Amino acid sequence: MPINKEFKPKIVAFCCNWCSYAGADLAGSSRLAYPADVKIIKVPCSCRVNPMFILRAFEKGADGVIMCGCHPGDCHYSTGNYYARRRMTLLFSMLDYMGVENGRTRVEWVSAAEGVKFSTTMNEFVEKIYSLGENVRLGDLRCKK
Amino acid sequence: MSTVNKAELIKEISGVNPLKCMKCGKCSASCPSFNEMDIKPHQFVSYVVNGDIEALVNSASLTKCLSCFACIERCPRDVKPAKLIDAARQLVIRQKGETMLSPNEIPELLDPETPQQLLVSAFRRYRR
Amino acid sequence: MKYSYYPGCTLKTKAKDLDMYARLSAKELGFELEEIENWQCCGGVYPLGADEIGSKLSSVRALNYAKEKGQDLVTLCSACHHVIKRVNDDIKNVEDIRNRANNYMKLEEPYAGETEVLHFLEVLRDRVGFDNLKKAVKKPLTGRKIAAYYGCLLLRPSKVLAFDNPENPTIIEDFIKAIGATPVVYPYRNECCGGYISLKDGEKAQNMCEKIMESASGFGAEMLITACPLCLYNLNKCGKLPVVYFTELLAEALGIKED
Amino acid sequence: MQRIGVFVCHCGSNIAATVDVKKVVEMVKTEPGVIHAEDYQYMCSEAGQAKIIEAVKEHKLNGLVVCSCSPRMHEATFRKCAERAGINPYMVEIANIREHCSWIHKDMDEATEKAVILARAAIAKVNLNAPLQAGESGVVKRALVIGGGIAGIQTALDIADAGFPVDIVEKEPSIGGRMSQLDKTFPTLDCSACILTPKMVEAAAHPNITIHTYSEVENVSGFVGNFTVEIRKKARSIDMDKCTGCGLCQEKCPMKKTPSEFNRGLGNRSAIYTPFAQAIPNVPVIDRNACLKFKTGKCGICSTVCAAGAIDYTQVDTMVTEKYGAIVVATGFDMIKLDKYDEYAYSQSKDVITSLELERVMNAAGPTKGHLERLSDGKAPKEIVFIQCVGSRCADGRGKGYCSKICCMYTAKHAMLIRDKYPDVNVTVFYIDVRTPGKNFDEFYRRAVENYGVNYVKGQVGKVIPQPDGKLLVQGVDLIDNKQILKEADMVVLAAAIEPNPDVRKIATMLTASIDNDNFLTEAHAKLRPVESPTAGIFLSGVCQGPKDIPETVAQAGAAAVKAIGLLAKDKLMTNPCTAKSDELLCNGCSKCANVCPYGAISYEVKEINDHGIRETRRVAQVNNALCQGCGACTVACPSGAMDLQGFSNRQIIAEVDAICR
Amino acid sequence: MQKIVERAKELLADGTVNRVLGWKKGDMCFNPEPAFFETAEDLDENFVYGGFCGANLSKYMIDASKLEGKTLVLLKPCDTYSFNQLINEHRVDREKAYIIGVGCKGKLNIETIKQSGVKGILNITENGDMLNIETLYGNTEMKYSDALLERCHVCKGKEHKIYDELIGESQDTSDRERFAEVEKIEKMSPEEKFAFFQKELSKCIRCNACRNVCPACSCRKCVFDSTKFDSSQKANTDSFEEKMFHIIRAFHVAGRCTDCGECSRVCPQGIPLHLFNRKFIKDINEFYGEYQAGADVDAKGPLTEYTFGDCEPSIVKERG
């Protein structure tokens, strides 16, 4: 697929405070680069991520949304990511069912020690979004001038 | 067919996940045919895991297993070694068409009391 | 009370006693065994591969016959019981086997494991009740020391057969008590008799049966009873103690055995 | 409307080398709510903080955005700074333009653009921030320990020594637990009673410890720092104040055929009994199911012989209600039932026993007075077989999936003790693995093999076959020799798996403490908070949390005590202000939030709600701020959006999303 | 029907219940509507129960639970799942309801009848397995089973899950695979899927009928009407809004939706809205084990439960 040079995707990453946000910090302090298109929003736990936030991001013009949390079993709140996992599985399945490319959404478990994983994940994800191009199927076109 | 595929086939036919085995040996401790077997019940699992299917299908153990289900009943990991040996036997029968019992042999094996059940089950065990 | 009854091949030939005394006793105890029409051989052994289907169909036919009659299915031969009970369990719990079996069968209403499979002993225990059996006994076998031989097929795998405690069963001992005799408990009663191996390796089977006999007589048994024609054949070859079908003793205790 | 100040940090060149900080300052000035923006070399320095305080005063700011390093680094610094400037610390947001921006991007334009966007997101959030106040709640300075085994005793002693009153609730007539049933302990082989009894006495005599034996926890309410617990003291039928513990009643009791629980049913006890000689308290109880007086009304011998007049047949259960600041669970374990393992002939032969039964057999106060003998015929055994992992590491639904951890060591101990005392007895151990991780543990096991000649066979036993002559034929396998073994033994000892005390599920439910499928209580964090339950104020001691040997149990008991002491030492608990909050007007009362709350922080109240003038009585969710840890699981589970998280509200997060996607 | 009326009158008369929640005759034979009856006369005059009484009355019990005394409510087998789910969520008070489980042999869809080409319908009467249809242009007939609502073709069974007493016989009318339609869509390419939903959802006029009728959508205040998410109701300006609305609505009822089919039944534009809910149900069954909301009053529900070994969200991609 030809890559549109003009295309600057908007990518929202929800990171839980305890693992993934710290993993992103580690990626930073290890100078592990990933594209500037990714913007991180801190949440206390992946279970705080309401599917409506993800839909909202798409509505407002995001081209990809990724959620990161502690590895299952390591949640700071013991069980939060288990609930998040079910919620996101169902949401992603529904988006796929409606014809939204399933590469636009992703969940990755990143621990506070996995700076490398954070960076590789973001690089992969951004590359995927570039290959998919602009999100037209779920965006509110009025928001994307 | 490669050995990897054969191992997969054995897992499929048997429905057994050999990786669940913790090598405790309770199958071999329970087996009434242990002494007649060249590959022992607890070893079936490693042969499948290591893909050494050739040795397994050529093993005398194939016909020594009595299907008494003692190993299945007692296995603490739900591995069911007898099912693996059954699957290996199936593999031989299905792929090579080999049989281990010919009808010609039968008359001399019979005695007046031989029940049908014995013939039926022996045929099912030794050939298809 | 009427049950669908699956006799199996051996009960029509070498094990006629097992069958005949069961029918007579059933009548005496107030239930009836209605033989399934056109039953086919169960195959003798439970089909080996998880992917096999054809060899399970004869069991499914018998099971569906009972279902259509609205009856429970009663078996007598251990092998038939083992095969039919396990096939029924597959049909009930394994979707793939259920679908494939039904694809072959082309029934008006698919068979999904509705029939309950009971061994004759289970009928005595769970439907008639050993207490009631005891009351029906006319000639109690008082003083006779009898050892039960279970074999493999009725007990294992216990998750499916759910017949009795697989390592320490009591159903036949309770039966022996009900007909007035004294049960002899011995540890080899659930060990294998050698099964089909006796066809080609008679010696091996003999060794195994000897262990069983030795253990039983060591604990004071005078005779063995069993439900399986193949076990009876193998044990009899060893010849140490007499071996009979449990139904024969049942008929004797009920006073309907012709001498 | 918020009056926001934005402070962009250079972090020396860490940020300023890649992000055009001046440009960021210019760009954010036009954002809604922003009154003031400036940059500085090091915002976190004293001088930087002084600049913030100055700006707050000068521009009457009430919200701050600091564009700097990660909030994990300096959020606390800037919150304190805000407090000094006179604004609420929760009116501060950090835009992470170092770790998430300058350090990972090279292109200045790109990094600057991203920094602006991150700043905008923070500004959008602060626009919706509300001042939050950390709440306070009091702490009742008293602890409850549930379970009076070694774990409970140790925890209680440690808390009591720190100066806090502690109550122990034990359901049996005496404290002491499993350890009191043991003969010797590994790896030093001291006599169990010799080291346990002094601790029991110390606990009984400690001025800060109250022991409720023959008692059970019936109800728990409240939350960390302030639990209310109802304890049922079962009728003992003895006046504890009058009884002198002389033991005459037990001696004279005619009903002596009740299997002794303490001796694992291997011996009998009387209907009026103390479980063992060193029992604390040394006051018997009457087992009303066994007592002739209670069964038929006739007898009363114990009452007649009691000089102190302590027997009271009319006693009834009494309830004690007490308040506690902390609760420690130390409910311990029992052996699993072996009814599903009849291949080992446990129920068929008296000479097949469990390891705990062997402890009683070897104990001088046990049913055989410490003589090693067969329970069937009293003969001395010559051949003993031990079978490991009976019901442990099972995935077949018969036993437990976990390793019981203590069996390898106690079997080595048993084998060694037997070989030491009876050198003519052969001991064979069938094992799957020998697991000896612990100080001096492997050395201990090797001693059993090398110095005592215990025969370790790698392999399992398939069947134990009782023989007509009373011997036991053990059919096993030696996996190293690849041979099946038939061994005649006189005794077989089964290392049965251990399982948490079955009562623990009921207790966990009362405490809203989480519990796993094996009935072990779950710790707050497997690595970092191993002695705390996720439910605040509940601590875990001993095997209730997972299999442990005595040294580990005592260590964990001490750790649990320290955690409890740390809590009790506080006068007030500060609560995290970022807690969930339910909007009563929107709440359906559907319980979805409570279903996902890991802390049991959500309860329901039926109350009158004034819904825009309409008064209605309905069921609404209430969040207990002392328990809520602010994960937010409830906010998403809530269908109506009534539940929201303070500090991370739906609108705040959506504002960030919008700012990023703008 | 007469039996129901007689019994209802008895229960009103002896004070067991204060009112009856049932269906009253509409202006046409095929549009009866839910109604409360408080007198025997009202029942005699206006009560109706027949093939067109598809409306699920469970949701009305939320309000009825707040009224004085008990309400007699008539529930069909599938309605009882909704009622159970509402008990589970504490939205209705079991003590305030007297439930008569009424017989059901499948409910009729007037649209199906109309689509078969019948015009100018005046009256429809049930006659055994047939429907006699009087029209402006003469009489015609149609098989009852040919005019069923979509949901009746995937009937959950003839058993009432909760009731105080039963009147009338029920019948399991299922004759289609419940998930066949969902599977058909799943097999489409992303482009086809998108086009399908684009076409269906562009019909939406945002009348909120689906939301208002849904027994799971019982929030005091809908998130679309609240300021909590900044997603206040707006007029639809392009199909995007409708996508959001329907995904969010389906997600809000995921794990709680009993698949009662009311949303599709009431949609004036004929959008197959059940395809959203049923997709979630199918996924839940596949990922987390069979689950039927409302079958068990005490169930926690799949979205407020978890297992350690749950599948990862990436399964969506792997499944293709």
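Structure notes:
For reference, chains read A, B, C, D and E in written order, and residue numbers begin at 1 within each chain.
Note that a contact is a pair of C-beta atoms (placed from the backbone, for glycine too) under 8 Å apart; a residue touches a chain by one contact, two chains touch by 3 or more.
Quantities reported herein were computed from a predicted structural model and do not represent experimental measurements.
Shared contacts of chain B and chain D, meaning chains that touch the two of them, come down to C. Chain centre most remote from that of chain D: C (centre = mean of CA atoms).
Among the remaining chains, E is positioned farthest from chain B, on the basis of C-alpha centroids. The innermost chain, defined by the distance from its C-alpha mean to the mean of all protein C-alpha atoms, is D. Centroids built from CA atoms put chain C at 24 Å from chain B. Chain A and chain C have Cα centroids separated by 62 Å.
In this assembly, the C-alpha centroid of chain D lies 46 Å from the C-alpha centroid of chain E. The distance from the centre of chain C to the centre of chain D, each centre being the mean of the chain's C-alpha atoms, comes to 50 Å.
In chain E, the residues touching two or more other chains are 223, 229-230, 303-304. Within chain A, residues 50-52, 56, 73, 79, 83, 87 each touch two or more of the remaining chains. Annotation for chain D: residues 343, 397, 463, 596, 637, 650, 654 touch two or more other chains.
Interchain contacts (touch definition given at top) occur between A-D, A-E, B-C, B-D, C-D, D-E.
Listing the residues of chain D that touch chain C in their complex gives 341-343, 345, 347-348, 397, 463, 465-468, 473.
The residues of chain D lying in touch with chain A in their complex are 70-72, 96, 98-101, 103-107, 110-111, 113-114, 117-118, 121, 514, 522, 524-526, 534, 578, 596, 598, 629-633, 635-637, 645, 648, 650, 653-654, 656-658, 660-662. By the touch criterion stated above, chain B contacts chain D in their complex at residues 20, 22-31, 34-35, 40, 42, 70, 74-78.
Across the complex, chain E meets chain A through its residues 182, 185-186, 188, 190-197, 223, 229-231, 237-238, 240-241, 243-244, 247-248, 250-251, 254, 276, 279-280, 283-284, 287-288, 302-304, 306-308, 310-317.
Within the complex formed with chain D, the chain A residues making contact are 10, 12, 21-22, 24-25, 27-29, 31-34, 36, 39-45, 47-53, 56-57, 60-62, 73-74, 76-80, 83, 87, 119, 143.
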